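What follows is chain A paired twice: with chain B in the first complex and chain C in the second.
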Partner chain A sequence: MTTASIASPQLLERTPRAPLGRLLGAELRWVLRRPRTLAAFGVLALVPLGLGLLMSMMDFGAAPLQGPPVLASLLGNGMVLPLAAMGMAMPLLMPMIVSMTAADAIAGESSHGTLRGLLIAPIGRTRLVVVKAVGVAAVTALAVAVLALLGITAGVAFTGTTEFTSLSGTSLTFMEGIGRVGVAAAWVWLQMFAVAAVALALSSLTDHPLVVLAVMMGTLIVFAVLGGIGDLSWLHPVLLTTGWMSVIDVIRDPMESTALVESSVRALCYIVIGLSATIARMATKDS
Partner chain B sequence: MSLSTEPLAATGAVGAAQQAAPALAARTSGLRKVYGHTVAVDCVDLEVPQGAVLGLLGPNGSGKTTTIRMLLGLTRPSAGSVELLGVPMPDGADRALPHVGALVEGPGFHPFLSGRENLRRCAAAEPLLPTEGISRAVDEALERVGLGHAATRKYRGYSLGMKQRLGLAAALLVPRRLVVLDEPTNGLDPAGTREIRAVMAELHGSGTTVVVSSHLLSEVEATCTHVAVLHQGTAVAQGSLAELLDAGTPTLTVSTEDVQIAVDTLRDNRIPFWSDVDSVRVELVTATPQQVIEKLVLAGVGVREARRERTGLEELFARLTESDVREGS
Partner chain C sequence: MDRKKATVAAAAVGALAGAVGLTVLAMPSGAGAAPVLPPVNPEQLVQSVLSQKEIPALGGTVEGKTNLGIPAIPNLPQELSGMSAKVWSDGTGKSRVSTSKTGSEKIAVNDGTTAWSYDSSTKVVTKHTYDKSKAPKERPSELNDPAAAAKQIIDVIRPNSSISVDGTASVAGRDAYELVLAPAPTERTLLREVRIAVDAEKRIPLRVVVLANGSSDPVAQFGFTKLDIGAQDPKLFTFTPPAGAKVEDSTGKFKDFENSHREEFEKNRKPGETPKLPDNDLFKVIGEGWDTTVAGRLPKQDQLPKNDPKNDKAQGQNPMDLVKQFGTKVEGPWGKGYLITTKVGTGLLTEDGRFAAGAVPSQVLIEAIGTVK
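Right, the complex of A and B next:
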């Protein structure tokens, strides 16, 4: 049988593609309409609001403070609130939300049978990863924004002042303070997107979103434990969680950037590895 | 496999050669898929002529869905090759698939979105659909499968039949060259089944090639021009429906109360048959109906009714897929 017998219409010689913007729009609409995404934002919103409430109650009682130093510095200092909110959400809550989103992005779609539809359309396997990564990045950004914006608002509302004091004791203007919170937010986003990139890679390996969530959270907990063992200090530079405490460095005056930069480079490495693994896996994934 | 299927396979091969290399919408050769130690599909050489409605027939677990998934580039074959609209798969997926609509392994949608929103999401990914045409294409597809009234309802609340229809709507968002439907009538009531058939007939009428898989013979017999029968991962017969229908041996069913006498008579005359409680089914290979009835009546068999039966696809199907084939007596 010759190949000439098979239909080869000219139409097939070009490769039509759906516009990338349209795909991204559809992805964002989908991910932001999902009830669990909205619920996650709601839970995140409770963090700065709860902190603000706690702060005002402590202020009210004017009792001597007992508690974490970050909370102590909150007293009468509105700018620390968004940073404290981010610091509190970073170890568990944010990674969980981000991993959940990444788990749903590929494994969840696969278990719903909707991944097939996208592949048959076809949107292209590499472009699928790009679209999914952008979707998860957007959710991560919004989650950080919820913490930062509500944190600033609650901070100003509960302390009634727009003046900030740095950890070093100097005072910062409102705009300077906003800038510092912005730097912290960008840094938190990068760290969380690193978590997301690894979660996406896991997500492409399985059809069960829960597996992604469990493995990701387990890994982060193991990282945190390993990070706490001094004898394993040679291992610490490769652990993503190393340096997650350095968010507070942004309100030193001048800003202490060594740990922030180092952990950002580490996060970038995780992002590159995670996304490459996802693309490689999706290229041959049977679905 | 029984002897009687050999001429069948031969007919199929001769038919393909005689038709002077017809244009094919899809072709697989030596297709094989192994999952671990399980051979899901083996040596499947499928040819889907352009414009045909090909019924992919086989019992559950015969490799229909795996074959379709390889056809669409969702699964990589362990061995063998696939050509879809003249493009090798899965490497040419980006070129061929925009022209292919498919409903594979049941409908897949998000429960928290309405039917229309789900379709809009599918439509956004369709390369051949211009952005400004999405709304209209979605509404038309919904109307076409009879879901216009339920467009704004959440997919969560859809019945099985409605879900199936939405899956079909997604396959029909764009005018296609090839539509692949995997068990499209699953969960549908008789009216829904008729509607699916109507849609398939409409597609056929507009020149679209259709591949439809089913384990229900009646469905395939009613709607297809071509048939391929899969059994345990292997294609045991394929060709045009007419060819396959004619290829079987015609039979004569004789209803009588004297089954034992009839059996003895037929055996004495070396006429092959199957016997039942109150009838014998005679294969008309060596004898004509007149001769059979004459012999039976002369032997004193009280013939109540004699009915000549065309070999239906059902019988073919049963013969090809059942392991214990009874031949003659």
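Right, the complex of A and C next:
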């Protein structure tokens, strides 16, 4: 990474700022080459593959299907697989991966003692947060891409058909299907980046990456519990996890967008809060 | 450092903006201000509703919510506490209804010649082709003249109720009149009033709200939450069974069922007489208006379905066991029994199998049960 030159204050004033592109490139290389990131992608890849296998095994039996109704529409329907994979990874697996990345981004550097170097390097604190956020966003995007692309591939491979049926019983073409999966992927990315933004804020508050992971997962579990209590329905619109089941709405025809839009607005609010808190904390952090 | 302060201030504003955004999301969407509409009297309003021959072309969301205060009985259908459906109509009789659950969807499409239904969780399509020429085209003669029909309906309602147009409301973004039916003061009922919002322009009912005594929250509410009146995508009114779905044709079956019932009905009906509910000790209707109660005697215990441990569905349950579980025990000169009270109605079942129910307080039921032998 950038080495800090210990120069006189006058010299520092004149030092040109490190170009943002180079910083981003360095951060991305650093994040994406990390073995645990690659391991996480590997675990995520198991989700669509496992679902595909399960689906092909269920196809043998003619008995009526027991289990979540989404799985029923999986049968002979390749395009539902990427969505089911995203739906399954969303509650725990994906938040864990993005929280881990966000924890490494600031708290991890802090615990290794490398954050000090970044803080005295010739980068503004806000730009540092932007660089870190882009790194986390890239990991999140790749994680979603793994689910979506492997999901489509596995879906088509296991069902042997590129056509797909919406939940409303209409047939959609392969390209329409790809479009719907794309919408779902973008939405999942936004939701997961909201988790990441809050995790980044936690990450800037502590020196221990594990604390970030624990608090983040604890929060999401509490949100899920609160979301299940009907008497607290007034609180539900504030909980990030509230609309997470609505990913399946993309394969209704016409597409049912109310819940998707509302949860996207909610995710944006969390992103703004999380990143603002991170910037505020980093700006006041002593190097 | 000024720069640091500015950064922190900007971040604080950002966090505040996010928090405000979340608060706005959590705010209930308040009812719009009541629109100002030209006054209309209830007769005119009812008449204009009845003169609408077809549902206009529209697309919208219908939601129903109840707060009946029913005891929590397992296996009770979820639809009782709340439902939501998307509906579309093209204005010529074709329609589509879709009810969504997490991960599945049920749709019903009427494309003008065939009624289709599809359930994505079972992948079963049922189709019912009907012959338009055989369908009863004419409405009963009384309904052909909306003015006469409106008068007839209001004449039936008037003796027991007050009917009025009580202000206006904004329902699903449309201006509406509120037609209010309230029981006359002499009626002994748990219900306070029924409010029907009628679209001011199209004269179709948009919302029905039932209010009970002692509560300002509606006990039941059913109506549009989103409504777009106008031409809809014609693709919505067609249906092709998807690949891999099982298609069941119910055309024949349904017709037989329909015909056998119609024949029976016609046989029992004397010309010019309106059909009446049977009146005997097994089932009778007592009183009229808002405090109508139904009373009667359940079939003998041994004819009732026994509780089958293998079948835990509610339909297999003996009603007596269910009532014992959720009712309160009451007794009086009329016998011993169990009383189930909700916000909208009361039910009474005695140990010897007599029952009475109605939208009335329990005293009325006790009077009614005394008339059952």
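Please note the rule applied: the second predicted complex is superposed on the first by the 269 of 287 C-alpha atoms of A that agree within 3 Å, B and C clash if a C-alpha of one lies under 4 Å from a C-alpha of the other, contacts with A are read in each partner's own complex, and residues count from 1 in each chain.
Rule of thumb we're sticking to: a contact is a pair of C-beta atoms (placed from the backbone, for glycine too) under 8 Å apart; a residue touches a chain by one contact, two chains touch by 3 or more.
The structure presented is a predicted model; accordingly, all values stated were derived computationally and were not measured.
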First (chain B), second (chain C), both or neither touched by A:M55: neither
Between chain B and chain C, whom does A:P237 touch in the aligned arrangement: first, second, both, or neither? second
Please indicate which partner A:M96 is in contact with in the superposed arrangement: first for chain B, second for chain C, both, or neither. neither
Quick check on the superposed pair: does A:I273 touch chain B, chain C, both, or neither? Answer first, second, both or neither. second
Contact-wise, after the overlay, does A:A85 reach chain B, chain C, both or neither (first, second, both, neither)? neither
Once the structures are superposed on A, label A:T284 by its partner contacts, choosing first (chain B), second (chain C), both or neither. both
Using the touch definition from the top, say if A:R17 reaches chain B (first), chain C (second), both or neither. first
Just checking: does A:L118 make contact with chain B only, chain C only, both, or neither of them? Give me first, second, both or neither. first
So the chain A residues that chain B and chain C both touch are 284
For the complex, which residues does chain A have touching chain C? 64, 68-70, 72-73, 75-77, 125-126, 161, 163, 165, 167-171, 234-235, 237-238, 245, 248-249, 252, 254, 256, 262, 265-266, 268-273, 275-277, 279-280, 283-284
Write out the stretch or stretches of chain A touching chain B in their complex. 1-9, 11-19, 22-23, 25-26, 29-30, 33-35, 112-124, 284, 286-287
Footprint of chain A on chain C - complex, ascending: 4, 7-8, 10-15, 17-19, 21-23, 25-26, 86, 98, 100-105, 107, 118, 120-123, 125, 233, 236, 239-245
Which bits of chain B are touching chain A when the two form their complex? 21-25, 27, 50, 69, 72-76, 83, 85-87, 93-100, 102, 104-110, 112-113, 117, 120-122, 124-129, 131, 170, 177
